[in-house]
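Below, chain A partners chain B and then partners chain C, in two separate complexes.
For the complex of A and B:
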């Protein structure tokens, strides 16, 4: 886990990681949310809507932004203030995603980072694009 | 699960549901994301930052918006286009949340709903506020 302080991060700083969406992740997300929508749960419904298979929950894909902030940028001292995402293409079970964040702005008064985020699939296609604001918590004397 | 068509939903239409955040949900979210940030995983770290206990992942709370769209508003024919959320107060394991969405705008060309969303805890405090755009898929002849 990264442990960047606010001062250690410059505008333009970029972090990324890869993650593969598994069937177990779909089950876990369903257990949290109870979202039984057939686009995510019923293969025949998804096919009837023109998809090659069940579609991964958009908010499951968005949940990787939690990891981006909490583990990578800034890591340990992360406190997410806001997240805005647009979904560009469907994600399917088995897709290998690359999650990337780039610091586009810093607010010194609130130690707040603005991070442009994007998630791409194994074909390089953008599946999610958005922006987060993340506060960097103060370093403690006793850490 | 609701099965509203686009035409059945008027501006002002409101749906809500309740959900309790459990320890198992925290584990499920961790299994999906690998977000090992100590604010969510380490009680002593959370205490050192002034919280009464570990803080629920913000994006776990946001994941209930998947349910709001996919089960309630509009339900079956939901396709989420975008989600924007701000986190107002921390959520803790055991909190009982009320998730609410109200249609604020309709775009007939794209059959797109704009939904103002809010999530409140058992004290009535707003913990999340935001906006989603959700397309209502066409009704199929063979449904």
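For the complex of A and C:
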């Protein structure tokens, strides 16, 4: 886990990581949310709608933005204030995603980062794009 | 910039942040008057005002403000127009 302080992060700072979406992730998401929509649960339904297989939950893909802020940028001192996303292409089980965030703005008054985020699949196609505002909490005295 | 112009811009910011075009903002308006005005929205308001008025607040100054009227006075003071 990264432990950046506010001052250590400059505008333009970029972090990224890779993740592979598996069946277990779909099951875990269903277990948490109860979203039984057949596009995500029923292979034949997904095929009937023109998809090659079941579509990964959009919010599961978006959930990796929590990882981006909480583990990578800024990491330990992260407090997410807002997330805005758009989904561009469907994600399927087995896809390998690259999650990236780049700091586009800083607010010194509240130690807020504005982070432009994007997620791409193994073909380099953009599947998600958005923006987060993340506060960098103060260091504890005994850190 | 006149105080009236400052209040007009502040009102526009409040309407944008709280997504309510009918919102009426006066000098006496404070967080007790708007249900969704919590600490997170407070930060959104201040950040928006910094951008709108091209200035930077001291967070300690901001925390002592009692209402929107005092915010308008602070903005005018920082802009050298009080």
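Keep this in mind: the second predicted complex is superposed on the first by the 143 of 143 C-alpha atoms of A that agree within 3 Å, B and C clash if a C-alpha of one lies under 4 Å from a C-alpha of the other, contacts with A are read in each partner's own complex, and residues count from 1 in each chain.
Simple rule for what comes next: a residue touches a chain if its C-beta (ideal position, glycine included) is under 8 Å from a C-beta of that chain, and two chains touch if they have at least 3 such contacts.
Just so it is clear, the structure is predicted and the values come from calculations on it, not from any experiment.
Of the two partner chains, both chain B and chain C are touched by A:81. When the shared chain is aligned, chain B comes close enough to touch A:25, but chain C does not. When the two complexes are overlaid on their common chain A, residue A:109 makes contact with chain C while staying clear of chain B.
Set against each other, chain B and chain C differ in how many residues of chain A they touch, and the higher count belongs to B. Once the two complexes are laid over each other on the shared chain, residue contacts for A:6 go to neither chain B nor chain C.
In the superposition on chain A, A:64 makes contact with chain B only, not with chain C.
81 are the residues of chain A that lie in the contact sets of both chain B and chain C, per the superposition on chain A. In the complex of the two chains, the chain C residues touching chain A come out as 40, 43-44, 46-47, 50, 56-59, 62. Touching chain A in their complex are the following residues of chain B: 1, 19, 24-25, 28-29, 31-40, 48-49, 57-60, 62-67, 69-71, 75-76, 78-87, 137, 140, 142-143. Of all residues in chain A, those touching chain C in their complex are 81, 107-110, 112, 135.
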